[in-house]
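Sharing a structure with you now.
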Amino acid sequence: MKVVTGVVGNDIHVVANRLIDLSLQARGFEVFNLGVNTYLEEFFDAAVETGAEVLLISSLNGEAEGWGREVKLLKARYKNLDELIMMIGGNLTVGSGNAEDIVPKYKGYGFDLVCHQVDLNTGLDQLEEFIAQRKTQ
Amino acid sequence: MSLLQEEREIILSNEYVDTFDFAEVEEFVKNASKDLFISHHFKNANKMLVQPRGGFPTYEKQFALYEFFEKANVDVLPLTIDSNTRLNDYATSEKMLRLSEENDVDMLNGYPLVNHGYRTTRKMITHFNKPVSLRHGTPDARLLIEQAIASGIFEIEGGPITYLLPYSKNFPLDKAFLYWKYVERVCANYSELNEPINRESFGPLTATLVPPSITIVIQLLEMLLSLQEGVKSFSVSFSQQGSMVQDIVTGAVIKKLAKHYAQEIGCGDAAIHLVYHQWMGAFPTNREYADQLINMSTVIASMVGADKIITKTCEEAIGIPTKEANAKTVANTQYTLRILNGLPSVVDEEEEEILTLEVKAIMEAVFNDSADTLWRKVFNSIKNGIIDVPFSPHIINHNEMITIRDAGKNIRIINRGNVPIPERCYDFEKSKCDLSKDTTSIVNDIVHDIGIMQ
Amino acid sequence: MSLLQEEREIILSNEYVDTFDFAEVEEFVKNASKDLFISHHFKNANKMLVQPRGGFPTYEKQFALYEFFEKANVDVLPLTIDSNTRLNDYATSEKMLRLSEENDVDMLNGYPLVNHGYRTTRKMITHFNKPVSLRHGTPDARLLIEQAIASGIFEIEGGPITYLLPYSKNFPLDKAFLYWKYVERVCANYSELNEPINRESFGPLTATLVPPSITIVIQLLEMLLSLQEGVKSFSVSFSQQGSMVQDIVTGAVIKKLAKHYAQEIGCGDAAIHLVYHQWMGAFPTNREYADQLINMSTVIASMVGADKIITKTCEEAIGIPTKEANAKTVANTQYTLRILNGLPSVVDEEEEEILTLEVKAIMEAVFNDSADTLWRKVFNSIKNGIIDVPFSPHIINHNEMITIRDAGKNIRIINRGNVPIPERCYDFEKSKCDLSKDTTSIVNDIVHDIGIMQ
Amino acid sequence: MKVVTGVVGNDIHVVANRLIDLSLQARGFEVFNLGVNTYLEEFFDAAVETGAEVLLISSLNGEAEGWGREVKLLKARYKNLDELIMMIGGNLTVGSGNAEDIVPKYKGYGFDLVCHQVDLNTGLDQLEEFIAQRKTQ
């Protein structure tokens, strides 16, 4: 299964991104890693080009907050992305915040899976479960 | 007029600089107090110098920060530059500085030196009369360092490799080399007027599982590129790696080889110093624990025999530190250095030999590149993966080297990629690790190894 | 009935003890959880055990303290006894305990174990199910340790020398030796029922410029006096001395010689452990600095390779620590032990040789005393100054030895008094110091040397 | 000149006491050191027996507070102690306190020199000055 991943915005903290790449590969995914400093359009373009089924975005300095609102609008401009599984994780707010507020907000932006300060492996387990459920539906 | 001077005049006739008076600046540097030169302190201090990090947008806040540091008995003051200035976007930093001044909120994550200008900044620097170190992260720092030296800042951190590979995704590396060549030459020229201007390389790189061989090679290369241009005082550096013995060995090898390679290019007269950064990787969120980590870093820096230590704060995992937390670390670090006595001298001959062989092999491969100048050889070596920095976000970096920690938490190379690690060393590195594990376990180990201080 | 048992019955038919049920206690020890035995943890733990200090008068407060320690992930709980109990004045401790309970103010500086009794105390100990260490300072601890073991406390600190020379002005030393002989034998007997009861000597002594040779000799002698009576698990200890290398050397020599002398008397089967006390001398009043000192002690304990560390708090120079401060140190120490990795192995052969020679010479002089039993030889050796503890307040102590710190802050003997320091070692010690100074300067140096951590 | 010194009460903290002994000797005094754990009567007895001109008492846990009040009464019972120079130092209160309150109180108890948390050398310099002044009077 193909996954597009990367760190959104002007964030250059790459460590989590590298770990995600390795972990996805170890779990058998085919990974297209756009790296740090990636803009939203670039993510969607890559999803279209590669025909990926999953888009996994990281944000580590909370910048995602700024991009989140535009997700639905932008995605609507692309065809064939209706089935794309959208996931976001890392530190999803500037400063500190709690998951109860953050998760519904990002679900509202159009993300299927929202992992605020969730450990990587836990997050990827959730992703695999989600995929399995989709398949059985 | 020399080519360099022509270039300088062009750069300094920037709309954000109000008339740069070359002659006045030269006169100022010539007569500047020796106390402002860290190179002078390195020569005369018989203790490790302590330097925090820190930069605020307004003059007043920066001044207040310095007052705190002074009370905490600081040795070297930092001047950290905001990120707009780093990207040469002086218009935005100007706007944000005005907003910060008017609203008493910090709209910049550092001190916009170009906007404040050297005339203003010099007042602050000479008032405190302590050496100041410029921390920026700017690929094109030409205008910035002219302003810095004119302000009385006589230590410039950074370099074409260390300020690029960890900090940028796609800034062209060849441009960075040329911009830094300018910086070196300006520093070298000013060094003839009084005590030398000190240049410092940024050894921590990505602060994430970088093996000591890569760190040392990059330190040595930035040193050589600098000395070649006439710089006479240079600091190599690295940050705490996670294993006390690996830090001690790294310190020993970098000191030995820096001297060796400086002599090789006929620059044996330059003064070379060693700087140690307190842990630069992922910090614990618990402030008490962070304080323990910071104290331990200081103890290890003493074992390493560093000439300067650069500190962190207990708020590292939380956000930009308050001046109180920042000054507290300085006072604590000074106390620790004072009470830590009877240091044993530690030598691990096998580890030293292996590391030396690795560094020499990589250096040789760089020198053997067919390009005509050292900077082009280095550039090519990064492009073709002879130098490979784990976890660099830069697109030019190879990213094939894989490292993990052994039982003693030493960083070991388990996949050398294109880096010419000699066979014997590679076998040694791998022999320290359990490679029978499957990929998932190894990935889990890496995640754990990055978070060892949490 | 054996003589010992007769003595036990007399001691335990004390008006403050309500019927001591020997058979029930024996049954309890026989079936007690292995987790209560520190000797069991020493065998199985692969980390340094962390133990704080602390004792409060009431059951409730002691329980609350233990809860704090448990949350901080403590390895060994302390039970510190109040000073009336230490002087066998159970009437006063009874009265003060009642007052503490009624008025919610602490009228005692520790837990009055005899007054609480073993039936009550055992509930607390078994509830937490962690090993507990008894810290007292009692010359006549016979009643106290019976109650302790009956409560489930399976480590007893102290000894006839280490609990007397630093703590008393004129308690008769020969009486102390006999009272402690009882303690050893009771511990030895109980040790046959389950895991062994651990005995621990108090190495810090006066915590003031005691040279390592004296510390080690006293540790070895208390160990031998204990093993002779059948004790099978013993901890020697010392406290941070002010020089990292001297601590490392002291640790190496004490480990080596403890094994050696235990074998000499045919007790090579006993398990010997090494305990390190965080700095026991004059503390800084600044709490932040105190925390740095404590962290540094932990790092040094790791270099020394101690099996257990006993902690201080940031309130040491101020007064009896709060449970919060006390638990904080425990958590911090555990964190530090966890993140401190890649320890180098340090050996200083010359210092080790000198120290070994000194200890062996003093031990030989003790053994050569004409008395018939070891405890009488030791008694005579203290009387005639073969053993001399700097800054002991006890009238029997010679007080002729003078020590100062050298440049590396190692403690050096500049006047050996009557202690048989071999000529070569004495020359070595003196050669490290500047003895050309006049007396006033030397006294000033000593004052400074005592306050080095302030 | 003869000095009697020691630590008053049940206090066994001997370090300062030893330093005082050494320092007095270094300054040329003849020292009679009663050590720690010394009661007030013992101090006066020793002063009489030795014919000392100075009595220098230490207290490190503040216990002196308890003994202070009895000084005058007790001293009055001895003959020939009118000329005795009385000095006290160390930590003169239980817990923390400040010199402004403590010094007058102890002067009231009959001490000529009161050194609350004063460095040893500074204290002994004061003593020597005091002696010199007496002599010139």
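When the chains are written out, they are named A, B, C and D in that same order, and each has its own residue count from 1.
Everything below uses one rule, namely that a residue touches a chain if its C-beta (ideal position, glycine included) is under 8 Å from a C-beta of that chain, and two chains touch if they have at least 3 such contacts.
Since the model is a prediction, treat every value here as computed from it, not as a measurement.
Undergrad: Check every other chain and keep only those touching both subunit A and subunit B; list them.
TA: Both-contact set = empty.
Undergrad: Steps needed, at minimum, to get from subunit A to subunit C via touching chains?
TA: Tracing touching chains, the least step count from subunit A to subunit C comes to 2.
Undergrad: Tell me which chain's centre, taken as the mean of its C-alpha atoms, is farthest from subunit C.
TA: Most remote chain from subunit C, centroid-wise, comes out as A.
Undergrad: Determine the centre-to-centre distance between subunit C and subunit D, using the mean Cα coordinates as centres, and give it in whole Å.
TA: Once rounded, the distance between the two centres reads 33 Å.
Undergrad: So the centre of each chain is just the mean of its C-alpha atoms; given that, what is the distance between subunit B and subunit D in Å?
TA: For subunit B versus subunit D, the centre distance works out to 58 Å.
Undergrad: Would you mind pulling out the distance in Å between where the CA atoms of subunit B average out and where those of subunit C do?
TA: Centre-to-centre distance between subunit B and subunit C: 46 Å.
Undergrad: Just the number, please: Cα centre separation of subunit A and subunit D in whole Å.
TA: Measuring from centre to centre gives 77 Å for this pair.
Undergrad: Which subunit D residues reach two or more other chains?
TA: In subunit D, nothing touches at least two other chains.
Undergrad: If you look at subunit C, which of its residues touch at least two other chains?
TA: There are none in subunit C.
Undergrad: Could you tell me which shape the graph of touching chains takes: line, ring, star, complete or other?
TA: Contact map by chain: line.
Undergrad: Determine which chains touch and list them pairwise.
TA: So the chains that touch one another pair up as A-B, B-C, C-D.
Undergrad: Taking the complex as given, what residues does subunit C use to touch subunit D?
TA: Against subunit D, the touching part of subunit C is residues 166-170, 206, 208, 282, 319, 391-393, 395, 399, 439-440, 443-444, 446-447, 450.
Undergrad: What does subunit D use to touch subunit C in their complex?
TA: For this pair, the touching residues of subunit D are 12, 14-15, 17-19, 22-23, 25-27, 35-37, 95, 120-121.
Undergrad: Can you list the residues on subunit B that touch subunit C in the complex?
TA: 242-248, 284, 286, 288-289, 291-293, 295-296, 299, 328, 331-332, 335-336, 339-344, 346, 348, 408-410, 452-453
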